[in-house]
Amino acid sequence: MNYGLIGHTGQMGKAIQEVMTDSRLVYTRDENGRNLIKRPEVIIDFSNRSALSETIKDCREFKCGLVIGTTALTEADFELLHKLAEEVPVVQSYNFSPGINLLKLILRQFSPYMKNWDVEIVEKHHNRKKDAPSGTAIMLQKELGREAKIHSLREGGIPGDHSIIFANDGEVLELSHRAISRKVFAIGAKEAANFVLKKEKGFFSYEEVIL
Amino acid sequence: MNYGLIGHTGQMGKAIQEVMTDSRLVYTRDENGRNLIKRPEVIIDFSNRSALSETIKDCREFKCGLVIGTTALTEADFELLHKLAEEVPVVQSYNFSPGINLLKLILRQFSPYMKNWDVEIVEKHHNRKKDAPSGTAIMLQKELGREAKIHSLREGGIPGDHSIIFANDGEVLELSHRAISRKVFAIGAKEAANFVLKKEKGFFSYEEVIL
Amino acid sequence: MNYGLIGHTGQMGKAIQEVMTDSRLVYTRDENGRNLIKRPEVIIDFSNRSALSETIKDCREFKCGLVIGTTALTEADFELLHKLAEEVPVVQSYNFSPGINLLKLILRQFSPYMKNWDVEIVEKHHNRKKDAPSGTAIMLQKELGREAKIHSLREGGIPGDHSIIFANDGEVLELSHRAISRKVFAIGAKEAANFVLKKEKGFFSYEEVIL
Amino acid sequence: MNYGLIGHTGQMGKAIQEVMTDSRLVYTRDENGRNLIKRPEVIIDFSNRSALSETIKDCREFKCGLVIGTTALTEADFELLHKLAEEVPVVQSYNFSPGINLLKLILRQFSPYMKNWDVEIVEKHHNRKKDAPSGTAIMLQKELGREAKIHSLREGGIPGDHSIIFANDGEVLELSHRAISRKVFAIGAKEAANFVLKKEKGFFSYEEVIL
């Protein structure tokens, strides 16, 4: 695949290039300018929202799909993305980890069968993370459809662990996810890019990519 | 309910009697012989496969249903049980816990989305358990729809832990079940016995009991 | 060994008898009276403090050692026990789990080497437990010699899990203990009884038994 | 420091170069040949045992110390390394992480108190790792002073997990280490290289480096 990458020199940008081994990076853009070798079939943007409007323009120019992992988007940003999705395929998510998205779906479907079990959540992240609980923990809790205490540990360089622990009187069922490295989100971005190639247009969540 | 119990002096046999509080034990059989007070409506057998053929004979004699939790059954054993199920209701499972059965359903539905993840299974049981891997581990592996190495630990008094560990280059998704005590299986056996009373005949898994 | 047991019909009393397989129960005492078959070499008392003064009298009468696991002892109780210890060996502890006591010793000796690691504690207990954090978690935290956040989960029938999680930028070291059943304390009591047989007199903690 | 690196294009080789920021890489050797800019003061070899005899020759030629992290060494390999250590300083370990080395010391000191507990080891690594069990698992097992089954999982991109699981009838004590990234070993190699510079000759373990 010929792809474009916004913010190719950042940490996520580098991680994405590392996993896009069968593909060719034909377009980049960052604060130092744009570099176009060839028309990209899809643009991947995990940079930040200040880059968004330019990215949308690019997608229109190249008539190419978009994989957008930028966080902290506003209502207005979403409107622009939905508008773009009328012309090209757009995959948007705040979390491109395939495992976390599978966990979400498992909880959505199976936690109703464990209504009379107790449930709590434990999440662990590196000690430089400022927010607690993590956005992912909150997202997973929502899928439970009920209250669940979240315990947040902040230690060392842990990239990100999330455990949902169900228990009744006789047994414990624990569903755990652990990020090994930033690479996990790059792998998710790659899968989303492959998904985009098969679509005409439309706005998709990352769940639709993995299902 | 009037019920029969094979191996009533074993640890599982005792645990079953403890939870069958509203019922009457009217028939027992073990290596020291049989003791019949009254015709049982259902026979519960969690002993071992050497007892199976005699148990099947008993069910025919009493025209009663069977809850069979014996592990390490052979193809031939299953044939005999299916034959019996043409006459009376039979509930067979290698694991009568609700959590393990939910785990089975999660794997059945979600492992197809993790086809290109690696997967292995770790199970831990007390050191008196003779078979390895556990029947439950084999059952869970079958739901994966592909090969998966099973690692069996036999230590101390562990009632029964099962973990299915999926990993790709960037993340680990682990689904773990832990039995707190043997009681969880006894409760499951009781529920299966109640289920049997409502059926004419047929071969059922424990999933059908809980869903 | 010939041993005496105070509160032999309670749950702990039954658990102790189950593990004292090579020994003979020759003396019992509870609210229904005393039953003496033969002079005990050691008395085990995990009942409650109202029984203590009578137990101390028994030890003097039989000139036998004492294993005392009763909780919520007062200063005055300790004085009586120390007095008794001038005549016979006495082992006293609020926690007779060998594993928890080993964990304590590991933390005491090795946490100084991890001064610049982060550390937090996670403990899980059944939902009927009223106090949080658990007394054991507080005891373990004290061995760290510094502050450590304790996260308390209260779910289902979990008998008692304690994890001390150390992490630096490149690695995680986790020390975890899990009680399988009440039996763990009975095993500890048995080991303490064996220890008592080898001593002339003196007041001992459970740590001294395992070292 | 001027250092040599065997296998500089491999993943560990790259990680070592990343942390050796104040030092100069003056000698490399791999299957494509050797490249000598200047005499190295120390050679670091984390490649594989087929490279060992050539590495030993290099150390003799350059009269320089050796940091050797190659796993799966044979008795004969150790003999050669001890011979070399009569001339130059050699630091050998199957694992250069501080946490693993603390775990070693904990096991050395405390496993004698758990002689009548069962014990098994579980280790998990990425699916590109060729040897099983890991050198680290073997090293940890040796500290137990008795047989212990080692279970080796090879999945995804797991940098390296090691768990020693002790259990008796009533409890489980689990000591677990998890490498967050390969970097932890590279930092350890750097520390060992600095240690080597201060020594005349002799055979050292990584423990001696950190204590």
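A, B, C and D are the chain letters, set down in written order, and residue numbers restart from 1 in every chain.
Heads up, the rule we're going with is that contacts are C-beta pairs under 8 Å (C-beta built on N, C-alpha and C of every residue); 3 or more make two chains touch, one makes a residue touch a chain.
A quick map from chain label to UniProt name: A, B, C, D = 4-hydroxy-tetrahydrodipicolinate reductase.
Fair warning: this is a prediction, and the values are worked out from it, not measured in the lab.
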item	value
Chain of greatest Cα-centre distance to chain B	D
Proportion of interface numbers common to chain B and chain C (over half same, under half different)	same
Between chain A and chain C, centroid-to-centroid distance (C-alpha), Å	49
Mean-CA-position distance for chain D and chain A (Å)	36
Whole-Å separation of chain centres (CA-atom averages), chain B against chain D	45
Touching two or more other chains - residue numbers and ranges from chain B	156-158, 166-172, 180-181
Contact footprint of chain D on chain C as seen in their complex	19, 97-100, 102-103, 105-106, 109-110, 113-114, 166-187, 210-211
Partner chain C, residues of chain B touching it in the complex	156-159, 180-181
Residue ranges of chain D in contact with chain B within the complex	117-120, 122, 124, 126-127, 149, 151, 153-158, 165-172
